[in-house]
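In the two assemblies presented below, chain A is common to both, partnered first by chain B and then by chain C.
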Partner chain A sequence: MRTRTLFDKIWDSHQIAETDPALLYVDLHLVHEVTSAQAFSGLELANRQVRRPDLTMATVDHGVPTTGRSLGIRDPLSKRQVDALRSNCERHGIQLYDIDDPRQGIVHVVSPEQGMTQPGMVIVCGDSHTSTHGAFGALAFGIGTSEVEHVLATQTISQKKPKTMAVEVGGHLPNGVTAKDLILGIISRIGVSGGQGHVIEYRGEAIRDLSMEERMTICNMSIEGGARAGMIAPDETTFAYLEGRPMAPKGAAWDRAMADWAELRSDLEATFDSIYSLSANELEPHVTWGVNPAQTTSITGTVPEPDAYSDLAQREAAVRALAYMALTPGTPIVDIPIDHVFLGSCTNARLEDLRAAAVVIAGKKVNHRVSAIVVPGSMQVKQHAETEGLDKIFTDAGFEWRDAGCSSCLAMNPDVIPAGARCASTSNRNYEGRQGRDARTHLVSPAMAAAAAIAGHFVDVREWS
Partner chain B sequence: MNRYRIAVVPGDGTGPEVIAEAVKGLRASADHHGFELDLVYSEIGGERYLRTGETLTSQDFGLLREVDAILFGAIGHPDVKPGILEQQVLLRMRRELDQYVNLRPVKLYPGVTSPLASVDPGSIDFVVVRENSEGLYSGTGEFRERGSDREIAIQESVNTRTGVERCIRFAFELAAKRPRRHLTLCGKTNVLTYAWDLWQRVFDEVASEHPSVTTGYAHVDALCLWMVEDPGRYDVIVTDNMFGDIITDLGAAIQGGLGIASGANLNPNGVSMFEPIGGTAPGFEGRGEINPLAAIGASAMLLDSLGEVEASVKLERAVGQVAGSLPSLRAGEMGISTAEVGDHVVRLLLADEAAGVAR
Partner chain C sequence: MKPVERIVGTMAPLPRADVDTDQIIPQQFLKRIERTGYGQFLFHSWAHDHEGTPLPEFIINRPERQGASVLVAGRNFGCGSSREHAVWAIHDRGFEAVIAPSFADIFRNNAVNVGLLPVELPEPIVNELLTVAEDPTAEVAIDLVGQTVVAPGVDAVFTIDPDARRRLLSGLDPIAATLELEDQILAHEQTRHDWMPVISS
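Let's turn to the complex of A and B:
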């Protein structure tokens, strides 16, 4: 029998017919208020039902406010979207974690947290960062609105088979260097199109060392490296995370699942279409200086000189990026002043992220020039954090402690970064205008964002006392 | 989730300002319709030419050939001798990428003032398909006895069977997709008897393959008259390079001016380029007063070419709504800034998305 990668195994077990493009069965369809609206109305126009409401889960996240929720949603557009999702879910019998539900949150945080995301699944959602769920050894990718309609109607998705890429990370992440720094490091090496047309499997010692939440951070940003999806083979860490979660299998079903999941790894002799290797030992905390996640350097570095790029396109992109970011080549990264700090998003707003930031800021005050907010990834994360007293640490330091949602990551709700302001953000995208018109985004890890909030500029969190 | 790689060429003058708003529209569409955009910016234009002496480099072509589409602002620079950028950038790009169709939608949105006093809003909605690679623009001709009293300058109109046929085929296919399914051939068969004989023969031949499309013919002079007196009669107009150049400007005038006029240079089998046709508007550079609607409209056309039809329709609709709400479409007279017009379009786009659901 031919050797297969983890990806091949999931693909083969979900392929309904040997066609090109293939038709895949979908085990879990995640829905939020922004990309689902058209899909539901399309369904109704065609007089069709949702094929498997029991395999469909919805939450509100993209446009919801993160403050004053008891007053309802003030923004009329967001309100309409949420109202629509509510009535669509009701009509079709879909579980919705609504704005007042204690489980509400960012779709990519809620599903793993509830134990819905499981190894070996095919998971889709009308959102780029669906790749997050690959952390569990699932094949998870974003789909467009018309595809959302297709999945609602048929529970299947038509897909061209992607190529496979292995990213092998040896060594160990040094102290103060996080999963966020690792994925930024990978993207800066392979480039924003480096993973184009591929599904990445992250492997190696440094990956095995990661917690589930860290693995989610890695897989989440696969899309920023151009890949269709990212995945990590499930192991004891995965199983320990899942056991006992509300939607995880129980009893005999759990034992059967464990037996199946144990098979979910690339065969020893399996070959990938491409392989990229790096060592975690040499990594440092990263800060993006430009307008894509590959335009990044380490905290000890400086804003680059565009002429240092031999490639014309890269040089021109650097010139543009520096103009937008209002940065001068040669400026040490630690000298860049910060106006806003956003600790949130599907990349970095889980409990461990909040803990990492809280350690840095405990007993300190946010710099007087900085406005800083914490937006937990879900209301569950928020609640757990409050049980641990993290909220107190944040608010004492001068952070605002918000309700869960996508918030400033993409500024679809009121949490917009003002024009010209510079934001240290734990999110995943830094293109022009992402966080608000003319807002300048620097992507960093939670610890780095927290340290910047206190200092008022970037600092090397490894030297933080 | 589809992923598209788009080359963005903001260019000179007000190009960067309007392209920034077009990108805003593209990004919002991507977020709401679930597709990914990789935008690759290029410095092609007068500024770079003055700095480096380069018009189009092999690296530029490397980029332009490998992307899914090109979003183009405008190029032209007061310090660059006229003709250099036009010949060595615009025409060369068009030729090398074989963009053989110039597409110019002409639509009068409700609320927009047309210089035509008697037209009803909504009555002007046609598309000009202009042959973009040959005709009088092929550059062939000669001088005879140059400098003498008997000098003759001959400019040749070159019309190849291949060139004419692919343009006409494109026009029929486009017309077949539109609700009215009507195609008008605009020429001058009574005087330019060689070129237009070929056009007419090919037109008739391709028409027989498209029984669902009704056809008509107008001499270019008559068509100009009707475009002013009764523009509502046209759906798709196909014409050659020279006539197309003229009637598309007339089209821009009756739809409310250059502020709303978007166009595309298409290679239906290759890489196409989408642009506001207004140029660099040097007097308005850096003032935030230029109208970005033409550029945003061009990005809507770009989405259509990628197959993101629904996203395209929505974006274009939002452009139309904003156009109708502005006191004027002219630069400096819009009442709000360039960026605010862009924000307004995005806002309406989102409202439209939300409305789709709530019904």
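Let's turn to the complex of A and C:
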């Protein structure tokens, strides 16, 4: 029998028929307010039903306010969008974690914490960061609205079989270097299109060392390297995370699940279309300097010279990026002052992220010229953090402590970074205008963002006391 | 979806790599619940000043580029977010095809679903087209049947996934086609692992 990768096993077990492109069964369809309205309208125009509302979960995250929720959604367009999702979910019998639900949050935070995301599943959502769920050994990828409609109607998705890429990470992450730095390091090496057409399996010693939340950070940003999906084989860490969660299997079903999950690893002799290897030992804290996540350097580095790029397109992109970011080549990263700090997003707003930031800021004050907010990834994360007293550490330091949502990661809600302002952000994209028109984003880890909030400029968190 | 077979028209060159969907349509324009009306927001931050006044020098704002039906761009076009609004905006603005050395995976799928033809050509040929496209009257002819791109001084053949090609040529509804496989879908549902989650409403 041919050897298979983890990806191959999930792919094969979800193919409805031997077709090209493949038609895959979808075990879980996640829905939010921004990319679903047109899909529901399309369904209704064609007089179709949602085939499996019981395999569909919805939450509101992209456009919801993170403060003053008792006043409702004041942006009339965002309100209309949320209202449309409410009526669509009600009409089709879909579970919605609405704005006042204690389980509301960013869709990619909510599903794992509820135990809906499980190994071996095919999971899709009209959002590119669906790759997050691959951390559990699921095949999870983002889709467009036409595809959302297709999944609603048929519970299947038509896909061309992607290639496989192994990213092997040896060694161990040094102190002060996080999963965020690892994935930024990987993207800076493979480039923003390095994973195009591929599903990445992250493997190796440094990956096995990671907690589930750290693995989610890694898989989340697979799309920033051009790969639609990233995966990590499930292991004891995965099972320990899942056991006891509300939607995780119980009793005899748990035992059957464990037996199936144990098979979910790439065969020893399995081959990948490409392999990229690096050592975690050599990594440092990363800071992006440009307008895509591959335009990254380490905290000990400087803003690069565009001439350092031999590729013409990359050189031209660097020139434009430096103009947008108002940075001069040769400037030490630690000399870049910042105005805003955003601790949030589906990349880095889980409990461990908040803890890591809290350790850095405990007993200190946010720099007088910095405006800093914490937006927990879900209301559950918020509640757990409050149980531990993290909210008090943040507010004492001068951070605002908000309700859950995507917030400043994409600035569809009122949390817009002003034009010209520079933001240290724990999110996933530093594109032009991502956090607000002409806002300047630097992607960093939660600990690095927290330290920058206190210092008012980037600092090497490894030297933080 | 309207079938796509042959596109003949002038071009708008956008010689940049890694054009992300946030640039194609910024987030503040994703709040609508309709599928149409996004063309006015295409490349909004590049095409407008802070007051929302169109910048006359930006390529798609130039009078001589009005009516262009083919966008020519750099590699990895459409990277980033899965927002189909990006394709809707390009299509709504009157573009019927995008030519680039490569496309981001989700963007390419979205384009095919909407009926916007993604044409992938080797970078040197795209660079030639970008040069040809400096002349706003230069026409390009894209033939999806023969998979050819012809413009002054350029005569190229492109490859496209056969299924994407078939769907673009037919314009048929993919959901209807899938629903014909009802028996297979049902059969699969009966083998779905019982430990997998079911969400009660």
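The definition used in the following text is that the second predicted complex is superposed on the first by the 465 of 465 C-alpha atoms of A that agree within 3 Å, B and C clash if a C-alpha of one lies under 4 Å from a C-alpha of the other, contacts with A are read in each partner's own complex, and residues count from 1 in each chain.
Throughout what follows, a contact is a pair of C-beta atoms (placed from the backbone, for glycine too) under 8 Å apart; a residue touches a chain by one contact, two chains touch by 3 or more.
Keep in mind it's a predicted model, so treat the numbers as computed, not measured.
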Fit or clash - chain C, chain B, common chain A: clash
Partner chain in contact with A:160 - chain B first, chain C second, else both or neither: second
Which of chain B and chain C A:121 touches, first, second, both or neither: second
Chain B versus chain C as contact partner of A:48, first or second or both or neither: second
Partner chain in contact with A:439 - chain B first, chain C second, else both or neither: neither
Comparing the two partners chain B and chain C, which touches a greater set of residues in chain A: C
Which of chain B and chain C A:16 touches, first, second, both or neither: second
Touching partner for A:319 - first (chain B), second (chain C), both, neither: first
Touched partner set for A:28, first chain B, second chain C, both or neither: second
Partner chain(s) touched by A:254 [first = chain B, second = chain C, both, neither]: second
Where chain B runs into chain C (options 147-155, 219-227 or 273-281): 273-281
Intersection of the chain A residues that touch chain B with those that touch chain C: 34-35, 37-38, 41, 77, 80-81, 84, 126-128, 142-147, 192-193, 196, 223, 226, 313, 316-317, 320, 410, 412, 431-434, 437
Complex contacts: residues of chain A adjacent to chain B: 34-35, 37-38, 40-41, 77, 80-81, 83-85, 88, 126-128, 130, 141-148, 192-193, 196, 223, 226, 311-313, 316-317, 319-320, 410, 412, 431-434, 437
Chain C - residues contacting chain A, complex: 16-18, 20, 22-23, 26-28, 30-35, 45, 50, 74-76, 79-85, 87, 102, 104-106, 109-110, 113-114, 161, 163, 173-175, 178-179, 181, 184-185, 188-189, 192-201
List of chain B residues in touch with chain A within their complex: 1-3, 5, 20, 23-24, 27, 31-36, 38-43, 57, 59, 63, 308, 310, 339, 343, 347, 350-351, 353-359
Residues of chain A defined as touching chain C within the complex: 14, 16-17, 20-21, 23, 25, 27-28, 34-35, 37-38, 41-42, 46, 48, 53-57, 62-63, 75, 77-78, 80-81, 84, 89, 93-95, 115-116, 118, 120-121, 126-128, 142-147, 149-150, 153-156, 158, 160, 162, 192-193, 196-197, 223, 226, 228, 247-249, 253-254, 256-257, 260, 292, 313-314, 316-317, 320, 410-412, 419, 429, 431-434, 437-438
